[in-house]
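There are two complexes below, and they share subunit A, which is joined by subunit B in the first and by subunit C in the second.
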Partner chain A sequence: MNVALGIDLGSTTTKAVMLDEDERVLGRGITNSRSNYDLAAQIARDEAFVGARFELLRRELNDDAFCKRLEARFRRRQHLSQLARLRETAMRETESERVARIATPLRERLERIFDDMETDAHRRLVAPKGSDFFRDLANSAFSAAATRYADRDVTFEDLMSVFDKAIIQVENTRLDLTFESNIRAALADCGGDDAQARAVDRVVATELNVIGTIGTGYGRQRLPFPKDSIRSEILCHGLGAHHMFPRTATVLDIGGQDTKAIQVDKNGIVTSFQMNDRCAAGCGRYLGYIADEMSMGVHELGPMAMQSTRRVKITSTCTVFAGAELRDRLTMGQRREDILAGLHRAIILRAMALLARSGGIDEEFTFTGGVANNEAAVSALRELVRENYGERTINISPSSIYTGALGAALFALRDARNRRAAA
Partner chain B sequence: MSESAHKEPSQLRQKQMIADHFARLARAKQDGKKVVYTFVPGNLTELFHAFGVLPVYPEINALQSGMRQKSGAYIAEAEKLGHSEDVCTYVKCDIGMLKSGNIGPTGEPLPEPDLLVLSYTGCFTFMKWFELLKEEYDCPVVMLHVPYQGDGRITDSMRRYVVDQLRTELIPALESITGTRYDEARLQEALALSARAEDDLVAVLESAKHRPSPIDAYFGGVYYIGPIFTAFRGTQAAVDYYRDLRAEVEDRIAKGLGPVTPDGVLTEEKYRLVVEGPPNWTSFREFWKMFYDEGAVVVASTYTKVGGVYDNGFRHDPERPLETLADYCHGCYTNLNLPTRVEMLARYVRDYDADGLLINSVKSCNSFSAGQLLILREVEKRTGKAATFIETDLVDPRYFSAANVKNRIESYLQMVDQKRRAA
Partner chain C sequence: MILTAGVDVGTSAVKVAFVESPEGGGRERPGARVVAKWTERIRRRDQREVIKLAYGAALEQANVRPDDVDYVATTGEGELVDFRTGHFYGMTAHARGALFLDPETRAVVDVGALHGRAIKLDERSKVLGYRMTSQCASGSGQFLENIARYLGVSLDEIGPLSRTSTSPEKISGICAVLAETDVINMVSRGIAVQDILRGIHESMANRFLKLLRSAKVTDGVVLITGGLSADEGLLACMCDLAADMKSFAIDVRTHPDAAYAGALGAALWGAYRHERLRERRAA
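Take a look at the complex of A and B:
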């Protein structure tokens, strides 16, 4: 079947969306952008293919519960392959001259850590969590186990240093995590019957013929695509948001590096936009920095801010100043919850200024980008929209992080159609 | 600019003219010439020629320092002296240059002024700038107050007010430093030469109405205005330069050629833009490339009117020597009110058959940047064409974020493209 792909190479995460010819989403993929954009794009693309094949299987079988179980098994297989590679790489690291002094006890502890990580894999994958990325999952599991096994001979730092070296190597190799290579084992894991096996075979045999790919996002210039296959993320976010919510007139996208306020017409075509200048103040990266300052995960910030009872007024959205202000406030004994609530409001205030400059907020208003997943940011946005523009329908899709990639995939599909029409 | 850049013959000639002027300045004291420091908008160059006085334009020095990658160090020097980050970067660049030995852009020393002539047309920072220079030099200052065109027109009393200041303050000051009597016939001669060059300049700028445009009226335009906005207005050298430039441009029209860019002649004109705001000087070539790489040609700009608006029919008139100087000062683009600027930009979009308006807003310039968003909305409304907003700075290299600017320009052009296809 014919499919189109959109790839959004963001500063923090890289996303891919695959559409069928009816503009329906077949699959999505996401990974952290690391500093290797090419690889990140390939991995996100691979993941979108996996997602697409699962979608095809759902269409074949019409059995959601089974598909869910099968996918969980499949994800576990993927995770274990990555873990095996991580173990292998870590073990190789122990041969380095640098750790020769403690090589034997180090190897022994690493074996125990990885054994634990393998045993825990299932629990880790089903636990509610902030991140799906192997790096984050492995990091928290490894450091938890390392705390248990560290002692005077082999310190926690010794262990983490091996992990840090190994994870970079694993992250920068492309493993075979495809549907085709792993699905049969996953099917065996959950004891699939013959009919299910035949359906899997049909899905594996289905050719996904990519008729168009468009790249977008912060790193789009780095994609090995011809110039006419690159589209600005502003246009992609506009079109993606329109596809998700067809009555969208105004779009706010807060990504890792940029904040964009976009106005679109009834066809999803951008009519005006404003974005932050060279400074990434008040973007997703700002939250990442605050999380680091507070030794928390970025996904923990929103829930904590929601516990606030008395919001602190934060005056700066400058990442560096806010860090200083944060420490100031903490020293003065103010609660972390209240400070965080203030920080979230500060981000949204900055976004409100961009929205005003782009032409205000019209009905309907769609909020996209990674920060749209943060409940405290959303709550601050609702409050400020009401204060400034009155009641507005605010759309937030659970897959809002894919908006740019979705728009890119739509452009890819439309370009392919136009090419066909012209031929 | 690197030596490998393609240059038009007129550009090479102009480079020589400017080098000669700086050489004359370097020799001024030994040649017994008097020197006046003054500003471009509202400059009274013909009057200085009538007295045989050499003019120095600090903001031209600053932009030249920017293009020669020297402004960063000068600005740092000024900031060390306590000028804050928000101060106009032209001012800081000039002060820094002064404090670093006052070596001009061509590497030759600049003479100290015998007189500071402050005609602060449209820019109030000029006044503070000369206040700083006054501290440095032991010389008289004449302040020429030119009323703002608040109502969008020049009244008789405004004209009389400026003429009176010329008669009672500036002319006596020039007589006093030179020891020469004011000779109106010499002024008239210079004014007649101005008018001839102005005719040819207008023909050059209006050549952009052709398709394809033979010139870029912004990036190329800043070269075209060079001589007439500075020391050469009212000279035979300027008359010759503009006559030849016009012939060069007419030749390109006859051959159907596009503008000359640093990478050669632009072969395909895909977008025609009107630009408001000065260019960024520190990354001038990189900035320009972002346009011509996309096939975008600037067909009209307001920046090329800051030292005189001539396409509205104004010419220096030797029959009314002082009155015409007063009219000139009043009429510079920076002295026009917002409705007049909006009207001018909307007219450019229509007359030059442009795809839209791009505003380059300057971070450190309040006088010029205030109201630009309002201008943008209004021009958009009146022309129905898309407009966009980018932010850079004049000569502070820290303020040019290439990725961000490129992103906005590309997004804008793709938006224009999409609009066209939808139409």
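Take a look at the complex of A and C:
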């Protein structure tokens, strides 16, 4: 079957969306961005293929519960093979001159750490906290185990430095984590019957013929794509948001490195837009920086801010200044919850200024980007929208992080249609 | 002899200086001598704890007990120092400290972690005018420190590296938080580390020269103080750029103890005020 791909290479994550010819989403893939842009794009693309084959299987079997179980087993297989590679790489690191002094006890502790990590793999995948990228899962599991086995001979730092070196290597090699090579083992794991096995075979045999790919996002200029396969992220975002919520007139996207306010017409074509000017105040990194300052995970900020009873007014604009202000206020004895509520309002206030400059907020209003998953940011946005523009429908999609990639995939599909019409 | 302490609480470090000065020295404190100095970087620690640590280390270095100190003078975020005797404004403390370090000083450029400021003063350390940088950390000390971390350069390597640059990269107005990706981009475009650093120094130097101009400083000795005063790359840039500017005849200098200018100034003012208080009590 014919499919089109959109790839959004962001500053923090890389996303891929696969569409069938009816503009229906077939698969999505996401990975953390890394210095090797090509590889990040490839991995996101591979993941979109995996997602697509699972979608095809769901369509074949019409058995959601089984598909869910099978996918869980599949993810575990993937995770274990990445873990095996990590173990192998870490062990190779112990041969380095740098750790010759402690090589034997180091190896012995690493074996125990990785044994624990394999035993725990299931639990880790069922309830991932924060991020579910291999890098982050492995990091938290490894450091938890390392605390247990570190002692005076082999310190926590010794163990972590092996991990740091190994994870970069694992992350920068492409592993075979495809549907085709892992699905049969996963099927055996959950005891699939013959009918299910035949359905899996049919899905594996289905050819996914990519008729077009468009790249977008922060790193788009660096993708190994021809020039006409690169589209601006503003255009992609507008079209993607329109596809998710067809009545969208205004889009606000708060991503890792930039914030965009976009106005689109009834076809999803951008009519005007404003972007913040290379400043972290008012974009996702602002919250990331604050989370680092407080030694918290960025996912914990929203829930904590929601506990506020008396919001603090933050006077600094610049992220670094706001971080200093946060420290000052904490030293003065103000509550973390109240300061965080103020910080969330501050980021949304910046976005409101951007929206105003782009032409205001029309009905309907769609909020996308990683920050759209933060309840405190959403609540601040609702409040400010009501104060400034009255009642507006605010659309938030759980898969809004894929908006740009979705728009890119739509462009890819349209370009392919146009090419075909021209031929 | 009067023994006073100056505690300068900044955003990224606490600086403590102990000064001993002969009785009856008035504002100028002739014969004043530094008996101890200590810097403790805050690095996300509790500021009050860091202040105690730094003050304790300085006491030990001076080999005195807390009771031996006649006056504890603070500047910067001094309200965090609960054992202070009195507090002094950053501008007046800096002016006094700068004049103590170099009596020819007629203007100060204080380069801190977040703020930069230019202070114009007279030969008696009276502040004649000042200007501060805006509410953005781009081009601040913290900014340079972040960049150095992304580039894998330690703080004391920044200056020497910057001085070897042959074609500085033009850098200005880059967000201190987003700089990481910008720097990765520059490195992947093949721009040498020293050219990036020199580019940042030039953009900072330009900013400070503008500040000086708007504080109406056009000639005389300008002393660089604050955390970045030891950065020879920044100093070199300031000198080079100032030399190229018309109707600008400043002589940019620094001093090995210039990071302590605020603390020293506070300690000197503290000695003066201590004497005045004693006189008043006696009268």
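We adopt the following convention: the second predicted complex is superposed on the first by the 421 of 423 C-alpha atoms of A that agree within 3 Å, B and C clash if a C-alpha of one lies under 4 Å from a C-alpha of the other, contacts with A are read in each partner's own complex, and residues count from 1 in each chain.
Convention: a residue touches a chain if its C-beta (ideal position, glycine included) is under 8 Å from a C-beta of that chain, and two chains touch if they have at least 3 such contacts.
All figures in this text were calculated on a predicted structure; none of them were measured in a lab.
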### Message
Given the alignment on subunit A, is it a clash or a fit between subunit B and subunit C?
### Response
clash
### Query
A:Y289 contacts which: subunit B (first), subunit C (second), both, neither?
second
### Message
Is A:R357 touching anything from subunit B or subunit C once the two structures are fitted on A? First, second, both or neither.
### Response
first
### Query
In the superposed arrangement, which partner chain does A:R77 touch: subunit B (first), subunit C (second), both, or neither?
neither
### Task
Give one of first, second, both or neither to describe whether A:S11 is in contact with subunit B, with subunit C, with both, or with none.
second
### Task
Would you sort A:H242 into first (subunit B), second (subunit C), both or neither based on which partner it touches?
neither
### Query
Between subunit B (first) and subunit C (second), which, if any, makes contact with A:D328: first, second, both or neither?
second
### Query
Where on subunit A do the contacts with subunit B and the contacts with subunit C coincide?
218, 278
### Task
Mind listing the subunit C positions that touch subunit A in their complex?
11, 44, 46-48, 77, 80, 114, 135-138, 140, 142-143, 173-178, 181-182, 184, 188
### Query
If you look only at subunit B, which of its residues touch subunit A in the complex?
363, 373, 377, 380, 386-389, 391, 399-401, 403-404, 407-408, 410-411, 414-415, 418-419, 422
### Query
What residues of subunit A sit close enough to touch subunit C in their complex?
11, 35, 218, 257, 278-280, 285-286, 289, 293, 295, 316-321, 324, 327-328, 331
### Query
For subunit A, which residues count as touching subunit B in their complex?
218, 231-235, 258, 267, 269-275, 277-278, 357, 359
